[in-house]
Structure formats: structure tokens, C-alpha cells
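Next come two complexes built around chain A: one with chain B, the other with chain C.
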Partner chain A sequence: MPDIMMNGAAGRDHVGELCLSGKGVTKVYGMGARRTVAVDHVDFEFRKGEVISIVGESGSGKTTLVKMLLALTSVTEGDIYFMGGKRDITTRQKKHDYWRGIQAIFQDPFSSYNIFHKIDAVLLDCINMRGGKGFSKEKKTEMMSEACKFVNLEFKELTNKYPFELSGGQMQRLMIARIFLLQPRILLADEPTSMIDACSRATILDMLLNLRAEIGMTIIFVTHDIGLAYYVSDTVYIMERGRFVEFGGADDVILRPSAEYTRRLIQDVPKIHEPWDFTKRSPRAVLT
Partner chain B sequence: MAKVMLDVKELTTKYITRFNEDVYAVDRVSFQVEEGKSLGIAGESGCGKSTLALSLMGYYFAPLRYMSGSIKIDGREITSMKPDDARRSVLGAEIAYIPQAAMNALNPTQKIIRFIEDVIQAHDTSKTRKDIRDMARQRFEALNLPADVLDKHAVELSGGMKQRTVIAISTILSPKVLIADEPSSALDVTSQKMVIKMIFDLMRDGFIRSMIFITHELPLLYNVTDDIAVMYAGQFVEVGPAEQTVFDPIHPYSRGLMRSIIVPEAGAREQKLEAIPGTPPNLKKPPAGCRFAQRCKFASPQCRATEAAFTTIGGGRGYRCVYPEERLREVYAHA
Partner chain C sequence: MRNTLRQVSRSANFMIGFVTVMLILLMVGIYPLFNPGSPLDMIGLGTFFKPGTYISMYDAVETATAYTLRIDDAAAKRVAAKLPMADRESMKRWLIAYGIAEDAIHTDDLNDLLNLWNNTYDESARPAGLTSAFRKSVARIDAALEGLLEPLDVRVYTTSPETGETRETARIKDNQFINVSEVVNTRRLWLGTDNFGRDAFKELLAATGVSLKIGLIAGVIATALGLMLGLLSGFVGGIVDDIIMFFANLFTVIPGFVLLILISYSIGQEQRGATVVAAVIGCTSWVWTTRSVRAQTLSLRNRDHVNLSRLSGHTLPRILVTDILPYIASYVVMALILQICSGILAEAQLSMLGLGPKTTETPTLGLMMFWGMTYAAHQNGAWWAYFPVILMIALVSFSMNLMNTGLDQVFNPQLRS
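Up next is the complex of A and B:
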């Protein structure tokens, strides 16, 4: 497996053809005096195998964009293109087909599961969704064990348990095991690590990037953590009030930002090698 | 030497579950915070950070139970007090606590000034509503908060403003110690910065005299506090000045934590993030030897058998490991 953590220039080598793109995508909530433009004519191009981050503050429209990409809410104006063609989600069946190609991990692992379904059922569902309904019981168990092993969980210890019996980090890892089984073309990760501590965050990121290397998936991180965006992404989009104010390679956007908003956002993040406004101590030399 | 505001010695507290099981969430924790200083507490979820915060306030309601040790706030012992007495005479006036989701604590039907009246009148019934309003207005102005917030309801304020308002309310009696438990983790970076600025203003103006700041965001801790204590499975495994603890950690767990830091800085992308394998031990049955031994890649059979003592070294630093510092450094050099 390639060293996917070095995903700067090296990571872009396996970036392929266009898989998800949008032109003039707009979402308007309400009407009249209460009309709010949450996403305002945004254009984007996400390529196969690419890791993209959409960064913005609370209320910048990130989650609305995610909902549109996941076909959970309608698009007011503009078009979304999926795998070369215009996205067609006009019927229930077509929507289901679309969801086979795009999956999501949400912020709160505690509310991502059906509390009445045991873990085996959660994983079995994924196998069935990928057309594995007719597989033998042994084959299904083997697949589930493999998925759990990928995220450092022991399938034997999970059988007959409910998701809420796990810790937050374990639940989020189980979510990745689901993705491992589903093998979508695109994974939308909406603040996947904001509710878990820094230590488990490293594990989750590591697993997601391994998964990208394994199945050549596109990962779209939606986050307000600019440090995380810089660390994992090939391309970063900065969103302010429903518009992309800047996008480009991670190094360009984070280290040499051109938009005022991006500069301010980066300035506000506490750092350890560079000065921060309220720091109690002088900055240390940049990493050697 | 500056006056010691908070002096904690060998504090041990536990939870008793409904199945009568003991969970030792804080185990023999000792530290001091001097006047004008701040101590940051770092550690994974479930390592006892928040339980330590609750224990420090003398707030022992079931299932939390005090076991042993002492807590002195400005020389006054509080562990012997009844929880209700502690709430009346210690909470708010001596020690204030800002919980993680503090902004959700505001009753939506009340104006902000009502909360301030509640806090002040609980401790001093002689104050009139006018006195309280004047006091609140002065404090809000000193902290650069608009005074018209006092007559607003919580729903009219943004998340960051709500959090700052809660901090202003809880520190209105100028407590000697402020415990901030993840005060900014629910906020975005811009609001977070404003909350931190406000905490610095409180310290600078003497409205709070010392602080304990709990978070798992290490870059924030590094910038905000003077000292950092790393907590693992209910124990302090390393204590020292922020700079040294972040850049030159001694304990293998602290070293692991520091390697999980992500910041948007040049060179950060080339660093390999290191995750600590495994999960913290179950505190119902803590392991016999060193509590970190199961996850420590440098552990030897000795670690699993012998409980590590807390060793103090010069410069305000200390760590809890079976090995001496030189040996650890040697091991790291070859890792």
C-alpha cells in the first residue's frame, strides 16, 4: 500500500477523471422577506481518488451543500453531474442507485445508527445493498470480519451488541467498516472527527485515507478544522456565505491564501510553531 | 513564590454505578495552581478530566463519591464540607465552572440579567436589583460585551455570544479559580478566539485569579495555559510547563498525544500522524501495573507488574513511569 499520508504531490498521482461536479448550484430557503440564499451559484469539480475539503464557519452553507450532494434536499437552481452525466434522481429507484455511489459519515456517531439494529444487522445491510444477498452465511461473516479488521475492531466481540454499547471512536470506526463494505465511489465526511478526541482523530483519518488507497474512492471532507483540511486534502474549497471564495491545491490555499476570508480563518486557528494572537509564548522555529 | 490558589493533594474520587461497581475516575491526583497562573489538562475522552473538574468543586452528589485527599482553595479545605454547603459557599464565589455545553444552560424564557441576579443573590441577599444591574453593566463593559445583552433572551444571541455571556455570568463574583471544561469546543475558530480573548481579559483584570483549562485540543492548550497536565485513566501521567510538555514530552502517552497534533502550518503535511493503538482501560478494573502498559509500545513485563510512581524532576516537571527519564529518552532516540 502506498504511504498515503504523504498525500501532497504524491497523492495527486492517482487522481483520475471527473466523478462529481456542479454548475451554478444554488439553494434558497424560504421566500419573500424570509428568503435566504444558503448556497449561491457554486461551481465545483471533484475527481476520482481525490481528497477534497470544504472549509467554512458555522452558517456558511457547508451542510446545505452536503445535503444537495447527497440528494437529501432539492437543488433550487443549477445542475449536479455524476460520473460524466447529469445526475438523475427523479425516481425512487434512481435515487437508490445514486446512493450506491455516494455515501456519508456524519459528525455525531451516536445518532447515525438505528438503535434497534444490532451491529451484525448494520453490516449485513451493507452486504445486501452491494448485491450480496445470495452469499452463504460463512461468506457474509468473512466479509464482515474483514471489514471490522480493517478498522481495528474484532467482529467476534461485536456480534449481538448494539451500536450504543460502543465508544464514540469505535462507532465512527464501525461507520468506516460500513463504507469498506459498501465501496462507494464518493464518500462525504461531514465533520467526521469533530466529536472525538485528537488521538482517535488520527486513527480515523488514517483509516479513511487507507480506504481511499484501497478502493480508489473520492473523499469530500466538510469541516471547520482548517488544520485537518490541510493535512488530508489534495484540494481545498473555502466557503463563505454560500459561495466559494477560494479553491485550489492545499498548499496554495493554506500557505499562500489569496482571499481575505481565508487569511482570517487561518489566523484564528491556534498554532504551535507560528504566532497566534493571544499566545502566551513566542513561536518556535518551524518544524525541521 | 506566588500565593497558591488551588492546592490539591492525592485526591481520589470514584463513581458508584447502580450495579454497585466502583469506577475510580480520579486516582491520587496532586497539583498546585498559583495566583495568576493557569493549568491545562489534556487527555483522551473518558480519562477523567471532567470528573476531576467536578471533584475539585466539592460537588459530591451520587454517583460521584469523595474517597481521600485534600483540596484547598486559597488555604481553605473544602473536602470536609457537605455538598450543599459547598454549593452555597464555594461554588461561584471561590470556584466557578464552565461546562462544555454551557451555552445550552440558559433558560430560554429568562432575560440574561435574571441569571446574574440569581447568582449574586444566592450569595449576598443584601444586594438590590439596581446594584446588581450596575455591577453587571460594569463587568460586561470591562469584558467588551455589549451591555444591551443583559435585557435579551438567550435565543437572541449567537453561539459564541451565548458562551461568552455564560462565562461572564459564572465569573460575576470574581472567583479565585475558574474551571473551563472545553469552553470552546462547540464553536468555530473565530468565536473560539473571542472566548479565549475574554478569558485572558478576565485574568488580566483580576476577575479570576487562577484557571484550570480542560481540552483535548493541544494547540489551544499550548497557547492558553502556563502549565499542562496530561491525564490518563484517572491519573496525571505528566505535568510540566506548556512549552516543554508539548515539545519535549517525557511520558510515552504524552509523546503519543503530541504526535496527534494537526495544525495548518508549513511542514505539517509531511509529518506522519501517530495514533496510539487500543483504548483506555476499564476503570472498574484498572490493570495491576502501569495503566498505560497495554498500549505502550515501549512496555516491558516489569511495567505490567509494577505500578509506576509519580517522579518529580526539576523545573516544575514530573511524570509517572516505571523507567527513569534518561532511559525513556534513550528509547525514544532509537524509536
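Up next is the complex of A and C:
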């Protein structure tokens, strides 16, 4: 994946001021005997133009954190700061404005679409959201064609089609086209490639990083794949059971890990040129 | 959508149920065109007339042409009808007691029996072993036999209102016939009449229409309420969910039928029209729709497409209508069919208790059963007053359940064959 490495490396020069940060962010589900702390007082600072990865296994609280960042679920405790100020999502309009600045791509492209709506509806929504409601039909079509072109899709072939007529890779590329139209400042990508076959995976990552170069946004990758995190990101946050156990520059964290959990994650990455060695894995990892 | 409809139309269960319901609806709609007038007109003076074709005797004599037909067994049939088997057995018993050998008596051969009887019977005889009541009953049979084998002409006399003169206007021989189609007034009562003398078939069709309407109103109200509350409860969650589920649990714990009885009773007889009863039924049966819609919404609300829709800034009603509702639409249609069906049954139950719609204005299936029961149709052997009603209720609910099973087989991937 040479392209991705180049893009990732290129991004590392443009690290700027804070765009999204949090202090003591906590999410608790349920109460009493069923009380579960999904995210436990995490602090983070994401800077403009960075590619950040949040790495952790299933159940570590990554998705809950993403939902809180996207204002899809409430924050139990702690504050989130957006573009220099405390995030304000108290009214519908403010929430709407916030969502103009922060958008997401989800893990499963097959469930990301409303199967009853044609593909055009998804893209038209984006144009409307960016204030293009009054645009002429030609202008809208032109914008949609441009977005599709960016992700190597032909709008003419897609228009009037339903999502189930597309492949998984095409669906996920269309999700990127959506981001291209929306041009948010921050993109949260929740395992965007985990449901995609290996060949499409590189293309998707490549497009995401191209998009970042194009519109200068911050990308937050949420993944369980520490190898992928290393390839694409400037900063890596390692999450274990609702807490960040380690964070820092990608090279620091991956090449010189200080937390035991990080070491285990790195060890668990299969290597092509070495035989798979069970003995190197920690006892707990073998059990799970 | 088109694909789904095609699949649905291929389901045999659904189509059988659907066609049955449509045929019932068609009959309900078309029959009044051929047989106009209120279904509650009391046309019969008397109760529980048997099903059959009723021909005006007056018009038969007055207007129809008489045709002479020579039919060999006409006389025998007439005699047989006048002398039922029970009477013949009585005659046989008397003859045996009188001393005739049993082999010589043929109850099947009327001529033979009558000849034997006329030659033998003696009213003053007192055969041993017969009670005087039996002897008297035999004497009555004997009196009725007079002229049975040589029928007399029936003479019709009219009295002129002006002169007061009475003269013979018609003389009807035993071999004269009329053509039924030439009689001006005939009425086919497929199911006879009920206790009030109403045409039971016409009433049944009108009642089916009203009951279907009650079911539809009740079903739509229950489904709309259940859908709305279920969507809100499942999607919004939190305190809204708690409040809605509190009421849903409350309604689940109290038996729905008891609630229905209490509400119907408190409304009072005067206000209880068919629509009001339907609304009451609808308002007490939303609970399980709410619960199941809530469960389905809960599983849908964390789907990525819903999250994406929220991120696109869509409002709550729009998300509910465009992103949740289409996914559970098939389920809601099935719930609606079941609610219609249970609405019809609930009305029948209520009416059986006398708490149904106000009587004497509209017939419903439940009311017909109530009337049949109150006027002891079952004890009078008037099966036509209640059995077709039971059959109709069973047919409607059976075909609706069949539709539901068919839809389930289409929409539920586990049942798909």
C-alpha cells in the first residue's frame, strides 16, 4: 500500500490547532446491578489536519466514544470541546450546525443505507444540508456527478438505483462521495474497511486520505487493526476497557509501546513472513 | 415493492384468505342492489319462518294460469304428506291389536294400507291392550283420511262488496299446477326469518358489513395508536419510554375484555352506536401492537442508516416515517389484519352480553347471535337464525388469519420455503 503510506506521511506535516478535545468524558449505561461504564473519564486532544486512530478490541468502548463525539448519544459526564469552544448541541439548530462540522462513515456499508430509498436521495440530502436546497436540478446533478467521479463511480450508472444493486465496495465509496459533498471539518471513520474485501480496502483508504488532502479535514479512524492504524495515522490512541491506556505519535506508540495491552495488540497482528506463534501471545489473549 | 406484491400474490394461503374476504365483501355490497329495503324490516308476522321460497297463495289463485299435468305419483305424494309415517305406525299398531297378522300390513304401500284400514276399522271396537287416549288419536287419524283417495275440488268463493252476492270464482282440481315464475309475488328467504320476522339472509349480509366496518375502525385505531406509541417509545426511549410502557403494562395486567365491558357499560345504551363501540374496542386493544412495534424499533434505532439519517439533520418524525416505518411496514400490515379480526370477535363477545351497539338500528353479527340466544332459536330448532352467523364469523376470522399466515410466510425469512 505505498500510496497510503505516502498520503499518511504527507499529512503529518500539517498538524495545527485543536479541533476536537475532551476532558473526563464518561458514558455509563444502565443503573444499579446493570450499571456498565462504557467509557471511563477519557481525555483527548485531536488537532486539525491530523489522522488519528483509536485502537482497541471489541467492547473496549470505541463505538460508544464515536457516538458521543457524533452527538448521537448523550455524555454522562465530562465535556467535549469543538473548534475552540465548548460543544453546544442544546437546540436542534445547533446540533444541525455541529453535524455540518463532524460527519461519519460507518463499519457496515450494507446497513448504512435505507434500502427503501434510491441512491440519489443520500447524495441529495448532503447537498440540501450544505444549503443547496434551491439549486437547479442540473447543478445538483453536476455536484453529484463530481462527487461520484472523486470516488471512481459513474453517477449515470448509479442514479435511480437501489442500494442493494451495488457491491459493498461501491456502497462504501458512495459513503465517501457523501463526505466529499458535505466537506466536514472532522470525519469519524468507524472501522470503514472491516467489512470490505482486501482489494477494495486499499482503494477506500486511499480515497479517504485523498479526500483529506483535498478538503483539509481531520480524520479519526476507529479500528481494531493496529497495523492499519500505524499505516495511516499521525497519532494513535490505544483504548482498553473504556480508558486510553496509551497515546502518542504513531511511531512512538507502535514501535516503542509502553503499555502491556499495546504490546499484546501488536503481537496479535499476523505477519506474512513469520510462522504464526501461539506461545508469544499472552495467556489472556489465548483464552479470549 | 412490486417484487413483494408478486411474492404475496403467489402465497396460496394469502390468496385463499384474500379472495374469501373479497367475495364476502362483494356479496355484502351487491345483495342489497337485488333486494332493496332495510335489512331490519319485519316482513314476517311470526317468528322463525323456515328457509325456502315463499309464494303468495292469493296471487297463485288469482293471477297464475292453471295447467293440467298428469303426474302419476302426485296423488301418492299428497297422501303421503297428509299421512306421515308416525300415523301409519299408529294405524298398524291398532290393526295388530285388532287381530290382523303383522305380515299382512304394509305401511309402505299406502293403497294397500288404506284399503285394509277402511275394511277393518271400527271406531266402536275396543282391542285389548290399547289405552283410550290411543284409541282417540287413531279415531282422529281415521277422520282425516276421509276423501284422501278421492280428492275433492277446492272451490274459491268471492263475495262482491256491492251486492253481497257470493259466487264461485275458481275451482281447483287435484291435477292443476301453476308455473311459479308466473306468480307475481314470490320471495326467496334463503335463511328464513329470525325471531322478529326479518329476512335472516339479508340481515346476515348487512350485519357482516357492519361488523367488518367495526373491525376495520377498531383495527385502524388500535394499530395507529399502537404504532405511534410503539415508535415513540422505542425510538425516543428514556422517560417517554417509561411512561408509555407504564400504561402498556397497566393495560396488559387488566384483562382487556373486563375493561371493554366496563367502558361499554359506562357509555350507556343511548350513545352506543356501532362506531362508538368500534372506537372503544380500538382504544383497549393497542397494547400488544405497541409492545411489538417498540421491540422492532429498538432493534432498528441503532442501525447505521438511522444514525446516518440523524447525522443528515433529519427531524424525528421524518426519521420515524422514512427510516423506521418502511422496515416494519409488513409487520404492521399483519398486525392490522389481526386487529381487524379480533375487533370483529370483540364486538361479537360484547354484543352477546348485550353491551354491543344499540339494538334495533343496525344489525351486527354479535347482535344477531344475541337475538338468536335471547329468543331461544337453538331451543326452537331454528338453526338458520344463529348457525349461519357463527359460520360467517368463523369464515371471516379464518380467512383473515389465513391472509396473515400467508404474509408471514412471505415476510418471515425463517418460514420461507
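In the analysis below, the second predicted complex is superposed on the first by the 264 of 288 C-alpha atoms of A that agree within 3 Å, B and C clash if a C-alpha of one lies under 4 Å from a C-alpha of the other, contacts with A are read in each partner's own complex, and residues count from 1 in each chain.
Here is the rule we go by: contacts are C-beta pairs under 8 Å (C-beta built on N, C-alpha and C of every residue); 3 or more make two chains touch, one makes a residue touch a chain.
These figures come from a predicted structure and were not determined experimentally.
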| item | value |
| --- | --- |
| Partner chain in contact with A:202 - chain B first, chain C second, else both or neither | first |
| Contacts of A:258 with chain B and chain C, given as first, second, both or neither | neither |
| Chain B versus chain C as contact partner of A:231, first or second or both or neither | first |
| First, second, both or neither for A:168, with chain B first and chain C second | first |
| Chain B versus chain C as contact partner of A:58, first or second or both or neither | first |
| Chain A residues touched - chain C or chain B, whichever exceeds | B |
| First (chain B), second (chain C), both or neither touched by A:129 | second |
| Chain C-facing residues of chain A, complex | 67, 70, 72, 92, 95-96, 99, 103-104, 106-108, 111-117, 125-126, 129 |
| Parts of chain C lying in touch with chain A, wherever the complex brings them together | 303-305, 307-315, 322-323, 326-327 |
| Interfacial residue positions of chain B with respect to chain A in the complex | 44-46, 159, 187-190, 192-193, 196-197, 200, 216-220, 222-226, 242-243, 246-247, 256-257, 259-277, 279 |
| Complex contacts: residues of chain A adjacent to chain B | 5-8, 57-58, 152, 167-170, 196-203, 205-206, 224-231, 250-251, 254-255, 264-266, 268-274, 276-281, 284, 286-287 |
